[in-house]
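Look for subunit A in each of the two complexes below; its partner is subunit B in the first and subunit C in the second.
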Partner chain A sequence: MKLKPRIKEDIKKFLIQKEKEEKQKAKLISSQKLTQEEWNEIFELFPDLKEKKIENVVDENLIAGVVIRKGSKIVDLSLRTRLKEFKKIAYEIY
Partner chain B sequence: MRSIDQYIKELEKELTKKKQSIKTEEVGRVLEVKDGVAILEGLDNAFYGEIVDFENGESGFIIDLAEDTVGVVVLGDYLTIKAGSLVKGTGRILSLPVSNSILGKVVNPLGKPFDERVKIRAEKYYPIEKIAPSVVYRRPVSEPVQTGIKAVDSLIPIGRGQRELIIGDRSTGKTTIAVDSIINQRGKDMICIYCAIGQKNSSIASVIDILSKNGAMDYSVVVSASAADSVALQYLAPYSATAIAEFFMDQGKDVLVVYDDLTKHSWAYRQVSLVLRRPAGREAYPGDIFYLHSRLLERACRLDKKYGGGSITALPIIETQANDISAYIPTNVISITDGQIYLQSDLFNAGIRPAINVGQSRVGGAAQTPTIKSVSGKLRLELAQYNSLAAFAQFGSELDAATIKQLDRGKRLTEILKQPQFAPLTEDLEVLSIYSVTAGLMDDIPVESFLQFEKDMHDFAKKHYPGVLEALSKGEKPTELILKQIAKLVEEFKKRFK
Partner chain C sequence: MENLGIDLKLLIAQAINFALFFWVFKRFLAKPFGKFIQEEKKNEAEGERIAQELIKKEEELKAKKETLQKETKRKTDEAIAEAKKAAEVVKKEIIEQANIEAQQIKEKAKKQAQEMEMSLLQKAQEKAVELSFFIIDKALKDILTPDLRKEITQMILKNSGKKQVDV
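After this line comes the complex of A and B, so read on.
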């Protein structure tokens, strides 16, 4: 099957656009709804988040703290992960 | 048992050491889990050979990078990995902890000892996969590895830094030759590594038992991935063994590595490749099955003095079916290695043990001392003549006296090359035995009593002629005087033996 060149161009444009949008996206998972002050603090820590479209999800399982996802990169600042790490250390020492 | 106070103190110390830092991690998700292999999505910046951590605590290493998925072989239990669970990239390449305390241990391919009570201090981390040293770093072979087996040392010499294949059917004594060579390295300043791949745990246990009974574990390491371990570990085992060998080589030491056996290693790799849906080639092996072994055996080398001067000698083992050395994997490995020790089941059943086919021998003069070279030339020639005559002699009985004499000599030579299991000989005794036959000194001893005669003669020589043995162990060509003394020794002993 052959595509018309015009459609081909459109698809190409659409995919490039989509990729750009995808790059602009970031996901922020927090243990509770964040206040404006907390938002400001996060933006101070991660200046590159300011220009991104942030999707905020509340997940109580984190116990406290936030997890930020950008593409396949993740910054984990949750208490859950910290406790998990602590568990590991405790096992190793024991 | 530690007190609780101590325990808490250690915990506190550990926790205050680490400060909370913001670190970005690379993550992906499990798409599907197959036999020992997991397919992941995400992990955009992953690289080949990177270790990843699964949520259930297992780790894996990346073996396949497709357009938008990543193939990972799971090291350990893959049954508890669920689709959709998170996977973290560590950014580390697969490596194992090594230090001198690894000597005498039995470890798995990740460097973890099987005995939970012993700990190996991690002095350094050595990558499991490494590019072999280039020509600039190498120097030619000039020193032999003494295997302590008469037939090998005289006819198929192995040089330090060479790759010598041991090939033969099942139960023809392949492992025995390798284990004998390890036992013979006692007190020779050589580190030995025995790598078991896909073998029965019972066979591995018996090898370890023999090694420790003969005091060989002090300078040996056993890397074990048994038939019950995951194929990922079986696939990694020879590379890990080589990484441990490289650690010792970099200290300027000589290392002997036995890979037992590479047939099962290629089976393990075939399984991983088929599960990853890589295109299958001949006998369903993947296209890079040759590179699998060539990159492994190329790491055997002898370094130049400038770079430490250590060496790795490799003794890979291949098991054939019905003596077929022209099958796929055997031909591959034969073409990679420098030479081969070909063991035949019919020789083994005829009582010629070790069942080495001496017709397949090769001239490796650089890997022999002048002492053994002085006897091996004649031995090789006479054996070749015997082998060609023996075929003719079966037809008729009308043979002239010269032929009969040659046949008789050949029988005696074949007999003297026999050797019991786990009884390697030093070079001086090897030369003494072989010279006694090639010089015709043992022509009047019945072939049946050769074994006993040889053993008693060695004891006799050690007791009454230590000077001769000392001269033979110097590694120089024996002088006329020494040869005369050997003749005197044998004649004198013959009188006692009768």
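After this line comes the complex of A and C, so read on.
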């Protein structure tokens, strides 16, 4: 199927805009609501987050720690993931 | 002669009559009949000879038949003995093959049983790990107080800082 050049251009613009918007956004999932002290520690650890619009979601299943999602990148610092990693090691041992 | 009651003319006529009769008899009856009898005798002798020959041949054939029967019996016995020998060999081979196959099946079954055992053991171990971590997960969720969670979060963040996490 051949697209008209104008539609092609519109899609390209829309995707670039979307990418820009996504770059400005970040999602932080924590096991409980974070204190200012914890936020500061996170910003200290990830300085580029200061410039982003952060959406904070509380998920008790994490047990402890945080998960940061920025675009397609994910930094998982949760106790649940640590446990899962430990579980993988246990499987490998057996 | 007349006194004796013999008529000479009649005698001569009878003699001529007899001679004629004799000549006719010899010429037309006795010769073919004799020939016929000779022929019959000859035929009879030939028949006898043929019969004797046939009897002789029959005896020969009988003897031949007996010889053949004996030979056939001998050959049959030999063939049966050979067949028995061959059957014995085949039987032995079949038994050996069956033993090999049985051994193979046994080994295969043993291997399968071992594999199954290993698989079950592995599954059991996996289940044990799964269950252990489920219990740990549940226990941590239930036992950890918000303060402890905070402490752990801070500890993770500090440790991550040392590792220089890149977003």
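The definition used in the following text is that the second predicted complex is superposed on the first by the 75 of 94 C-alpha atoms of A that agree within 3 Å, B and C clash if a C-alpha of one lies under 4 Å from a C-alpha of the other, contacts with A are read in each partner's own complex, and residues count from 1 in each chain.
Basically, contacts are C-beta pairs under 8 Å (C-beta built on N, C-alpha and C of every residue); 3 or more make two chains touch, one makes a residue touch a chain.
The model shown is predicted, which means the values in this text are computed figures rather than measured ones.
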Subunit B versus subunit C as contact partner of A:Ala64, first or second or both or neither: second
Touched partner set for A:Leu45, first subunit B, second subunit C, both or neither: both
Partner chain in contact with A:Ala90 - subunit B first, subunit C second, else both or neither: both
Between subunit B and subunit C, more extensive residue contact with subunit A: C
Contacts of A:Ile7 with subunit B and subunit C, given as first, second, both or neither: neither
First, second, both or neither for A:Leu79, with subunit B first and subunit C second: second
Intersection of subunit A interface sets (partners subunit B, subunit C): 45, 73, 75, 77, 82, 86, 90, 94
Complex contact set, residues of subunit A against subunit C: 30-32, 35, 38, 41-42, 44-46, 48-49, 60-61, 63-66, 68, 70, 73, 75, 77-80, 82-83, 86-87, 90-91, 94
Touching residues on subunit C, where the partner in the complex is subunit A: 122, 125-126, 129-130, 132-133, 136-137, 140-141, 144, 146, 148-150, 152-154, 156-158, 160-161, 165, 167
Touching residues (chain side subunit A, partner subunit B) in the complex: 45, 69, 71-77, 82, 86, 89-90, 93-94
In the complex with subunit A, residue positions of subunit B that touch it: 7, 10-11, 14-15, 20, 22-28, 42-45
